[in-house]
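In the two assemblies presented below, subunit A is common to both, partnered first by subunit B and then by subunit C.
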Partner chain A sequence: MRSVSPLWLAFLLAPAALTMLVFVAWPLLGAFRYAFFDFNGLATAGFAGLHNFTDVLFEPPWSAWTFQALRHNIVVFAALMIVQNGLAYLIAFALLKALPGHRLHQVIVFLPVVLSAVIVGFLWKLLLHPLFGVVNALLAAIHIQGPPWLGDAETALPSIILANLWHWTGFPALIFLAAMQRIPAETLEAARLDGATDGVLLRRIIWPLVAPAATIIFTLTFIGSFNWFELPYVMAGLSGAPGGATDVLGLYFYRTAFGSVSSGLQDFGHGSALAVLMFAFLAAVSSVALRLLRRREVDIG
Partner chain B sequence: MKADRLSAGLIQALLLLNALFMLTPIAVMGLSAFKTNAELFASPMALPEAFSLDNLRTIFRETSFLLYLGNSVLITAASVAVLLVFATMASYAMARYAFRGRETLLLLFLAGLMVPLKLAIIPLFVQLDWLGLIDSRPGLVLVYVAMGLPSAIFILTGFLRALPGELEEAARIEGASEARVLWQIMLPLARPALIIAGIQNAVPIWNDFFFPLVFLTTDRLKTLPQGLTVFMGEFNTDWGVLFAGLTLSALPITLCYILLSKQFIAGLTQGAVK
Partner chain C sequence: MSIRTRLLQAAAIAGLIPLAAPAFAGDITFWTWRQEDRAAYTELFNDFTKLNPDIHVKFESFAAENYNTIASTALAAGRGGDVLQARAYGGLEVFAKTGYYLPLDTTNVPELANLPAEALAAETLRADGRVYALPYASQTLGLFINKDVFAKAGLTPPETFDELLTVGKALKEKGITPIANGTATAWMDEVFAGIFTAPFLGPDFVADILAGRATFADPRYVAALGKLLELKDLMPQGYTGIDYPTGQQLFLSGRAAIFAGGSFEIANFRKQNPKINMDFVAPLAATKGGARYVAKFFDGGYAVNAKSPNQADALKLVRFMGTKAYGDKFAALLGNISPIKGVTLEDPLLSKVATLNAVSIPYIMAVYFRFDTPTGSELLSGGVQKMFAGNITPAQIGADVTAGISRYYEPFQKK
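== the complex of A and B ==
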């Protein structure tokens, strides 16, 4: 490692440092500052104290919207944790066996991951159309009358979760797979010689050994579920149709900050308060969860 | 063993079912692009009767598809290029030179990995407006560069640190300048890491919808995901055209993925696996 002239160093470091300063650090500070102000368009219009925060948390109708959206995010998170990650774990195990065609399967399961959420959202919106969609056509072929999917408050959110499942399952699957492939072959061989079935392998041997990968996947699932925006925006619209049944924090935040189609009202003060609360919530939960998950890695490893 | 064969069969069945689930929507999308509306509504699962090219023609003649596509290519290419140049310069300095505060600086850059920039969208918007960069390509590009720098620096410093020093020293003894060592000796060696960092950032930028939605309002500047929402609205009831639009929009990245699937998978799962 050598020392060089400060000028050459500054030349190398300045572009990246300046970009980060201007487009990450400064806006981030701004996000906290703005939450304490009233806004008139793009300009601040007086100190607001804590009232932006108290409004969105306790003052109806804000509070009702906030907690309805939060509830939906929690449902999304739970569903993705169990179904998407569970499926991914099974698929990873199936791929680990390296049966004929496993490389092709790997490419197939990851294909939707590279598509944009906008394409995936519109595609599933068409597939789930109650009258002309393929899904209900397939169900009709086995004499099942399909539900109106996105049109019904009961099935709308699960429909978007299904699209998310299709879009993203390949991602945790291949991360689990990479972790499983790092387990020494002798370990698995020894367990098998002791008579361990696939079920036992999955639960007792592999699960603890892929705990670090699980930590990352769980954290990403959490952050992803609470930043959910594109899919519900495309499939259910900015107001979370029908009747707010699919409203999530991302949509609610965007509507508050930049206005909806019906009302072009921008409200940067309340929007910023929401952003700060979401940021604090994500940071707090992920740091506690990370600590617990890391401890779990040690305990079961 | 019988049990082994049984479980192998079960596993193959699981994989086949999964492949069917993953591929059917894409097959339906691609095939429906060649169907008339009458065919689509009568039998959504059937093969197209005549492979009509009318829907594709409509997309090219009556929508701004090519314009949106061009914008996406331009913005993605510019963002990734600037990003890789900035990230390589900074990573090189932090990986190969000794100076005070080096570790702290690196940590500050990596702290950016934790920042969900979406939540800072309001101040970002105000700031771009103040800089006169709202509703402009350079503004969007700079935001993408900032967003991608932490992960690119993470990958590149790790890689550059591990490179051996002999070549570098030999070049210096022959009188090569520091800039020449970076450009002609180290950069070619860093190619694998540059490809990974490039793909890791190019895919999310290409697919991004949120930032263009907020920052770009002029139709002439819109990117493909954003443009898609425009013509999905316009051709609302013309399903053949909708499917054709989706197929054409998915085509570029799908082709790249099929050609470079190994690099795509490595690039996109990299951050998580390490």
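== the complex of A and C ==
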């Protein structure tokens, strides 16, 4: 093998490395630095030590807002993990069977994924509107008075999760389907000959064999649900209406750092502290989870 | 041609070297978040150019929700418009404290003398007592009445809070929603609370808050917030899910009789439904014959970029914006009340609003508690929204707001 000059290698890597440095590493470090400063207006005003962090973690009302938002992110993660991914797994299996019309269904399932979250949010906001919404009109037809879905503290977050489900289920379904299609047909046939039912097939045969796909889906679901922003922003507004019932870390960070125009102020110190905490949390959990999931792939694969 | 020139040429063609043409002497830019006001400002700037033939003003607008971010980024880099639309109170201070705006006084802008002290206070940095923007509008919060809806129902608009409850009931029986507002848009909840509570609070309460004699946990404030809950039955069905635009549409289409809002709606309402026969009245009296206080605040001002290379021209524009001629035309074109002394308001509704201002209290959170975080506005609007959703009591809002504000407001810390 011919030896490659390290200088030449460096030259080839430079464009990508530089882009990463300028557009990823530097802003991250910038946010990290801001988190340790007090702000006077929009300019830094002296070293703040850790008090931006202690404020958002332990001092009310920020601490209450932080943990309320975190709790909602966890609810979103659990719901998407179980309902969205579970549904996607079942849909993928149904599509795998190649029943008549499966191609059309495949397109239908995936179609919402290509829409922008802003459009989906707006659409669902209209569907769930208490006066003009289709959902409550249908309920009224069977004599049920529907609640103001996005106005009730109990139904607001589930409603936005539902919209997310409608929007995104097609994506994990497609990944699961691709993974299932890569399972050799003989394996599935052999299991069938041994008398495996659909249930057994799904749990014992397919599930272990799609483990690498599950790793990707779980990781993306985790990152997606903790960075959740567009849908709640469009459907519930920057304050997580009603009264913070749909507040999540993404909204809370944005509102704190950039200020909601008509009631807040730009507060880069606390905002950056939140961003750093979110980043640390995501990085820590996803690296541990990734390691566990990879080990699982080997164990059951 | 040397290689160097060729490389430079190639780079220029590829757009690598910004060939930004230096602005022609006498060209200045005006930055705003009000895209919808372009036509009006173009006309106002044409008047300015008639008086100053060598200065042309370019109108540049940005989405309202991103304006602060865009303007602060540009200003930090030493760029941005020469004259900038600025916010008031805390929103102004964020920029002024950082040194982005040029301090104004009667030497560089003699026209500041045309403005009342309370308007200038809204554009003053409390720390140094200097004015950083020339105020352009005051806003008044009160009730819009759809006169046709009341006439058709054979009812007269209420004057007291209790009358609203009885008139509202009668409207409802005729299939009309009495109050158009819902509570889904948080900042409008502060407006809603500001309107209906003002006559129950009055200037004494405001004075007590400022002197540190009372907090927002005061029984007067808690009782006033409790009054809001009595309006539940008069609001649209599913009001917790009704947002600001829906409320506006319910009022404009005549499905609802009353809309609680600010004078900033007038121009927009007329544009959306030119045929609407509406009135603007002060919030309802707490008792028969009691004072009907409107809540009032100043909207923002015109600031000069501290690093503008065209400062002399920019100051000329701001001076022009402080004249009565500008104020008259501003009010006529944009349907807002210019605070400039002696301004003529041709629009009858607008001049009515101006007379209502004689009996007013400050829009308390915006005027006094939007300078530090957590702002009084975010605490109150979130609280009211929760209260309407049935999750907390008025007393809890009072306690939460007081606790949040006491983080930076010393008079509350002793309590």
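Keep this in mind: the second predicted complex is superposed on the first by the 277 of 301 C-alpha atoms of A that agree within 3 Å, B and C clash if a C-alpha of one lies under 4 Å from a C-alpha of the other, contacts with A are read in each partner's own complex, and residues count from 1 in each chain.
Quick note on the criterion: a contact is a pair of C-beta atoms (placed from the backbone, for glycine too) under 8 Å apart; a residue touches a chain by one contact, two chains touch by 3 or more.
Just so it is clear, the model here is predicted, and its values are computed rather than measured.
In the overlay built on the shared chain, the residue A:42 is in contact with subunit B and with subunit C. Applying the stated contact rule after C-alpha superposition, one finds that A:190 touches neither subunit B nor subunit C.
Touch criterion met: A:105 reaches subunit B, while subunit C stays clear of it.
Using the contact criterion defined above for the overlaid structures, shared-chain residue A:149 touches subunit C, although it does not reach subunit B. More residues of subunit A are in touch with B than with the other of subunit B and subunit C.
Applying the stated contact rule after C-alpha superposition, one finds that A:60 touches subunit C and leaves subunit B untouched. Of the two partner chains, neither subunit B nor subunit C is touched by A:78.
In the superposition on chain A, A:227 makes contact with subunit B only, not with subunit C. Of the two partner chains, neither subunit B nor subunit C is touched by A:50. When the shared chain is aligned, subunit B and subunit C each come close enough to touch A:258. According to the touch criterion, the shared surface of subunit A, contacted by subunit B in one complex and subunit C in the other, consists of residues 42, 258.
Looking at the complex, you find that subunit A touches subunit C at residues 40-43, 59-62, 128-131, 136, 147-153, 237-239, 241-245, 256, 258-267, 270. Listed in rising order, the residues of subunit A touching subunit B in the complex are 1-4, 6, 8-9, 11-13, 15-17, 19-20, 22-24, 26-31, 33-34, 42, 87, 90-91, 94-95, 97, 99, 101-102, 105-119, 122-124, 126-127, 132-134, 137-138, 166, 170-171, 174-175, 178-179, 197-198, 213, 216-217, 220, 223, 227, 229-230, 233-234, 257-258, 268, 271-272, 275, 278-279, 282-283.
Against subunit A, in their complex, subunit B makes its touches with residues 3, 7-8, 11-12, 14-15, 18-19, 21-26, 28-29, 40-41, 43-45, 85-87, 89-90, 92-94, 96-99, 105, 108-109, 112, 114-127, 129, 142-143, 145-147, 149-150, 153, 178-179, 203, 206-210, 214, 224-226, 228-229, 232, 239, 242-243, 246, 249-250, 253-254, 257-258, 261, 264-265, 268-269, 272-273.
Chain contact summary for the complex, subunit C toward subunit A: residues 64-65, 67-69, 72, 76, 90-91, 93-100, 182-187, 190, 236-243, 246, 250, 370-375, 377-379, 381-383, 385-392, 400, 403-404, 407.
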